[in-house]
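Pasting a structure here, questions to come.
Each chain carries a letter (A, B, C and D) given by its place in the written order, and its residues are counted from 1.
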Amino acid sequence: MSEEVKKSSKTAAHSDEKKSEKYYYASQWALMGRKFRRHKLAMGSTFVLLIFYLTAIFGNFIAPQGTEQYDGKFVNCAPTPVHYFHEGKFVGPFVYAMKTERDPVTFMAHHVEDKEKVCRIKFFTEGDPGGEYKWFGLFPSNIHLFEAEEGGKIFLFGTDNMGRDLFSRVILGAQISLFIPVVGMLLTLVLGLFIGSLAGYFGGWVDTVIQRAIEVVRSFPQVPLWMALSAAIPKTMKPAQVFMLMTIILSLVSWPGLARVVRSKFISVKKEDFIMAARISGAPASKLITRHMIPSFLSYIIVDMTMSIPSLIIGETTLSFLGLGLRSPATSWGVLLQETNKLETIMFYNWKLIPMIFVFLSVLAFNFTGDGLRDAADPYK
Amino acid sequence: MTKYIIKKLLIMALTVFLISLAVFFIITLPPGDFMTNYVGRMLAAGERVNQEEIDALRRTYALDQPFIIQFWRWFSKIIFHGDFGYSFSLSMPVTAVIKAYIGPTMALSITTMLFTYIISIPVGIYSAVHQYSFGDYFFTTICFLGQAVPNFLMAILLMFIAFRLTGDTMLGLYSPKYQNAPWSWEKFLDLLKHCIIPVLVIGLNNTCGLIRTMRSQMLDELNKNYVMTGKAKGMKAAAIRYKYCVRAAVNPIASSIGWSLVNIFTGTTITAIVLNLPSMGTVMYNALINQDMYLAGSWLFLMAIATVIGTFISDVLLAWLDPRARKEYLKG
Amino acid sequence: MMKPFRKKELETTYEIAPEHILEVKDLHVRIAVDDYDLHAVRGVNFSLKKGETLGLVGESGCGKSVTSKEILGINPGNCRSEGQILYRTKSGKVLNLLELDRDGTVYRAIRGAEISMIFQEPMTAFSPLYTIGNQLAEIITLHDPKATKASARQRVLEMLRKVGIANPEKRIDQYPHEFSGGMLQRALIAMMLCCDPDLLIADEPTTALDVTIQAQILDLMRSLQKEFGMSILFITHDLGTVANMCDNVAVMYLGEIVEYGTVRQIFHNPQHPYTRGLLRSLPKMDQVRDEKLYIINGVVPLPVGLQANCGFHDRCEECIAGRCDTQEIPEFEAEPGHMVRCIKLEKQEVHHG
Amino acid sequence: MNKRVMSLLLMICVIFSVFAGSVYADIEKESPILAEQVAAGTLPALEDRIPTEADVFVETEYSPEETPSYGGTIRTNNGGMWYFGPNAEEPLFRLLDNGTVEPNVAKGYDLSDDGLVYTIHLREGMKWSDGTPFTATDCVYYYNYVLVTDVDNETGKVTKSNAGRYYNWYQTADENGVMRPAQVRYVDDQTFTITLYSPKPTLLQAIAIDNKWMFCPKEWYKDIMVNDASAPHWSGESDLKLIGGEGLPTITEEQALANALAKSELYNFENAAKLGDQLGYRYWQYAGRPTLRPWNIVSPLTDQTLVFVRNPYYWKVDKDGRQLPYIDTFEYVTMDASLYAQEKIAGNLDLVRFDSSEFPIYKSSEAIGNYRVTTDIVPYWSNVSLEFNQSYKDPQYRELFANLDFRHAISIAADRDEINEIIYNGMMTPAQFAASEGMGDYIEGAPEKWIEFNVEEANALLDGIDGISKELNSDGYRTFVGGEHDGQPITIEIETRADAPNDAQLVALLAKYYKAIGLQIVESNNTDNNTRNEKYYAGDIYMAAVNSSQGGFSVMLRPDSVAANRNNCAFVGKYGLEHADALTPEPGSAMEELVNATKTLLSASTLEDMQAAAKRIAQSHFDNTWVIGFLSSNKTFDAVANRVHNYRDGFVSCDELRFLGNTRPYSWFIQD
């Protein structure tokens, strides 16, 4: 070893020693956390998801319009540009008032800015009637984050074919598109854990029956099964019920995967000494399962679940897109994308693709987070 | 060996039976029955129907019988006569419908699968061998992106891009010009051109998944002890990789062919609807919506059977490829 | 990863003592793990005579495996090494192995044919996908371009017979999972001896095996060494087998050789507290029943950010505060050919002097 | 003149005449693909394929000014059998825009002085598309063996039919008032008679509108149609008497099915009823079935693209004596409706029909897609309307729907201008459900009734209705007072159509308007129209529905969507006379008047009586606003590829005139 290398290794020695100690004595969870935090993409993704979910939770406040509000004068309006300078002078964020003109030949409506009329953006304002909502379903309010002054319209993402503000709809849609997968995932988790642990713990005929059941359900092609089940949802059902059913349908198809994993984990964990010990000492089965066995592969399950969310998001979006899931005015990202099933919509009103960006980002974010978690769950690798 | 196969076949038979029961249950879930739609259709066509006629038809189709009897009528016909029943909406036997669509569906699925494997295996190997290189990051990113876009959106976007570039949306399998032309080299090229979008859309998702699996499998294998042995023997690193690692890493992927064909097979469903492909997807969608229960049911049933058989093929393939599994397999 | 020296192949010529076939000089190996730089081997020196068996002893994580793999140049890509590994080839030329291109023809021609290695876990040392015969024949065809399939098979059968595998004609076409651990180790030994190497590195060849099988394997190795006349670098954490197998012993701790000597010297006159600890922790036949087995306190620390001191000081019962933990310990010669890296020897030297 | 000059002159003459002849021959009389077959000897010469010169149909309507060349393929969307069927339909008599009929397949007719016997004359030399002669036998056989196979002599009711359903339009009252089916008899190969019990002045219109195919190829059918002891005319002798030819073989159901399957594997039916229905009625979907149509299907119905090729025996020629159609092939591509516009813009479809909601997109893309947008006249009473089921099963709702003030309030609470702007790009005009000016059933002032947007007045009207509350509940809705629903909010489910994406938007808007007058609106979405039609059929389980093409061409000729006749008319519900268990309206009610007027119309035997009854029906709508009309434009649009010529801009498009069929598609031609 050259002198230089020696020296450098010695100067860094002290701090390294602490590092080493930490590395050595940290608990598994702390190690996971540390490793996860080092995964920049995963951290970034978690941050993005956090923002998405917070936005969704406070959606009614942030969104200028409610689900059923619309403005008939501004159908298919392009996103309104937000300005700061009027005739060279800084006036803060504002929009110009808009005029609608129809082309005399094609009857195409054009929404153009009236450069004369400045409408400032106000914050924390009382919304129009129809925009009422309840904070956490409890406290009624109609305060919205922002709104343009009288006469102005602010559509950050443009409007749809009913003159509904797409920005609001994306945010309110997130309340469904981001929560169906989570609820579905939890349902899958409960089903998968319960059934998988039954099979894995008891073995014997219980295992055989459950395995057959798993095989049968897994033999169903996922997409057509979703389609078939969704087609069975009565058309007149209320959005909330459709939401619940969709969740159930999505998780009905995905539990066997988890159950299988849980089962095999159980079988391998069952043989391990600490479980044997607990068993011999007479711990009841339920306690054994919940206190000892599940925690031993919990990290794995967390990863698996995180990774399963993207397919649920895509599932919900796809079904709604096909018209088999939620329907307007109930809003989800899939419902919003229904309008883009026409090429001409993309040609003429390309802003209607904006919801796609959010589907894309959330799927990506979940994938990266899951990846980070997976790497982190295996801290010694 | 025979005992094992018999056991396996019995289990398969049981699974098939349970599946068909579930399928039948699902297709009879929606309120009403086919007759309601049949009548609706006739009315839409400007015809008059009376209740007696409807009741007579209901009796003919046993729609007035309890679930289990309806099921048995359907299931026994399939098992004993290979008769899948009658498609109400298309006015022809389900077998004929399936015959008409199975060709394009299979062709598309197999093309897609070839594409999937031809792309994913080499790319996965490359990514693993050159872990953390630019290429690895590049492919990994593409894979993540590919998995993040829902199929239907990908289809629409590609369609839009095709339209912008060529002025054609590349819908269907042929250009209008070749639709009914006899087979020729040009028609074949035209077909290939129209296959690009569907194959990309259906395959990309799968390919991305497979690349990621292949990469991690390969990484696993590269860290195995026998690699060290190989090196100690004096083998070239590349030789070890290809003789040992790739062979081992490909095993689980190759044996997933049965599975993945089924996946692709059904993955065509949504894409077919968006891209207007003459595949079972569209037919299934319409059958579901029209409550054409025998058609929808038979299709679901066939898909499930395909999955069971696909799993079986995967088992066999794995046994064939991996001596350890072969032993298990022979032992039963 | 950096490969600083390997590119310039065979530029300089090296000399080693005529009776030596291998000299390791000031070998350092660093392993990059996450954001740590593990200094796994820290200035190791040793040499090996023709026909000699050198035991490399130490707890897990002391760097003995890394050292041995570095000789073959098969450490993973995240390892960097410095120093010299001088090896006399069959043709008599002395090469610094560290300078060779790892995947180059020269090095590959040495591996397996001149220096070969058997591993700790025979069960995973073979690929499960090919027959034993296939994997054994491969090493022959690799190194002998003239070998035909048939001749390679003959040789494999011969070797299998030599390592004591019954019914080799049947066994040759079987897969690794059909072999027991002991048989696999025999097969591995057979494979590694197919090309009549000058140096065999045995990396804990018996650790994963049953005790009875262990003895058989050791016997086999001894008899084969007699037959083939190769040198063996025997790596183990088990001093008991060392006594049976080796001529000389090097005790490693935290990437350094802390004591080196003949089997006799080490076993009868251990100087380093670590060696003594290891010896004391061996179960003895005459041990009193309820007497507890000796255990060295603590565990081997990770070789990260090591300071200039005795690596063993924090576990050493004889540690001299202010010395052992603050200064680098040089090597002392306790008796001729018996090297010890312990500050206590300095006192003796002073005392003697 | 010497011989040489003579011979020279002769030569010049010969050359000239040859030249002239070749110029003349340049105007080909038939499509080159047929000429090729004639040359190859696989097809008879043109004059042997079409009717005699005296009898051939010379189409003079919409003749192109230029001399079109033959050939080419038209590609359009597959809108289902009722889209591609009418495009090539050839009825015995065809209905004209002015409501009169003219001979089409038939050459002409005579009516006896008592108005009871129609003698129909057919064209000599006319052939089915397979080359077999078309004669009176085919018409008589169709009526007696395919359409009517059993009649209850007491009630006159047709109890069995091999194909399709028997229409009450052939029925006339006998001396006892029992409706009796007509008698159809063979006279000679070019003549047959239709005999009625009492006069029916609009019989030919009825045939033109409701039974366009009063004939079928007997030779082709005789062994696939069940003909056994169950048939009323079954006996060798009566066969001869009826159809004028040799007797018919006895065919059992099994034989019929087997024979059909032997003809083509496409004819795979599970029972004779289905076979009769599919091959006897919806026959144009089946390749191989001989027809009189200009194009016939050649592909199986399961194909994504249905191909129709020209009928070599088609019996119409243009003014120059050239066989029609000009275009060789029609292709109908099955695709989701959402793809039409993009495929049109991409130039993959030659023809797409759309309404004003899509106008800007189509119109702005004319240049990109190389097409033009043409306008069609649609003679509907309204393009956007809402109707309440007058027979809804729940008495409280039914009472509400029957209340004229309620319908008045509903009508004026909707902001028609906003609907027009949001959905229809401002291209329609606010109008009540009524025939517009210029149509036969027009009543002055009807289109303008109750269309002023006035929420206050609407609220006042509702306030005046007994049984519903003046106050709103906590959700902002009026509630029922008394009865089963006491205290419950008034919630109305509106049925929407699957193929009309605008419906959802419309109902969303209506929900907003009616919330302002305290009514809760819920969309009852139907993924397909069959479910919705099924509800109509059941008669009393739906509350309300939005619609677009109600009311039509002529109440007298076809009152179906405005009168209490059929069982799929949304506002009539179970009051429809054809309902299996039709309700009797309350005496003296407005509905009773509508039902009575309908009955009168159906049984009237003079034109005056019929006109009077039709007027009563229109008046009933004017008085009662049964259907709330929102917007009207009397227009739909077609995007037609520029290569398609002689496409008629401004034609009248409706079911009675067979939609696109009214443009005479065989006169279109393609020129790139």
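Just so it is clear, contacts are C-beta pairs under 8 Å (C-beta built on N, C-alpha and C of every residue); 3 or more make two chains touch, one makes a residue touch a chain.
Every value quoted in this text rests on a predicted model; they were computed, and no experiment measured them.
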From subunit B, the most remote chain by mean C-alpha position: C
Chain with minimal offset from the mean of all protein Cα atoms: B
Pair sharing more residue contacts (C-beta pairs) when B-D is set against A-D: B-D
Intercentroid distance (Cα basis), subunit D paired with subunit B, Å: 41
Rounded Å distance, subunit C centre to subunit D centre (Cα mean): 94
Subunit A-subunit D separation of Cα centroids, rounded to whole Å: 50
Subunit A-subunit C separation of Cα centroids, rounded to whole Å: 54
Set of subunit D residues in contact with two or more other chains: 339, 342, 346, 527, 531
Residues within subunit C bordering two or more other chains: none
Residues of subunit B engaged with two or more neighbouring chains: 159, 163, 169, 273, 289
List of subunit C residues in touch with subunit B within their complex: 69, 72, 74, 103, 108-113, 116-117, 119, 121, 124-130, 138-139, 142-143, 175, 177-178, 188, 191-192
Residue ranges of subunit D touching subunit B (in the complex, touch as defined): 73, 75, 81-82, 164-165, 265-266, 268-271, 274, 278, 300-305, 307, 329, 331, 333-336, 339, 342-343, 346-348, 527-534, 536-537, 566-568, 578, 580-581, 655
Subunit D residues within the subunit A interface of the complex: 338-339, 341-342, 345-346, 356, 359-361, 363-365, 418, 421-422, 425-427, 493, 504-505, 508-509, 511-512, 522-527, 531
Complex contact set, residues of subunit B against subunit A: 11, 14-15, 18-19, 22, 26-27, 29-31, 144-145, 147-153, 156, 159-160, 163, 169, 262-263, 265-267, 269-270, 273-274, 284-285, 288-289, 296, 299-300, 303-304, 306-308, 311
Complex contacts: residues of subunit B adjacent to subunit C: 224-226, 228-237, 243-244, 247-248, 251, 321-324, 327
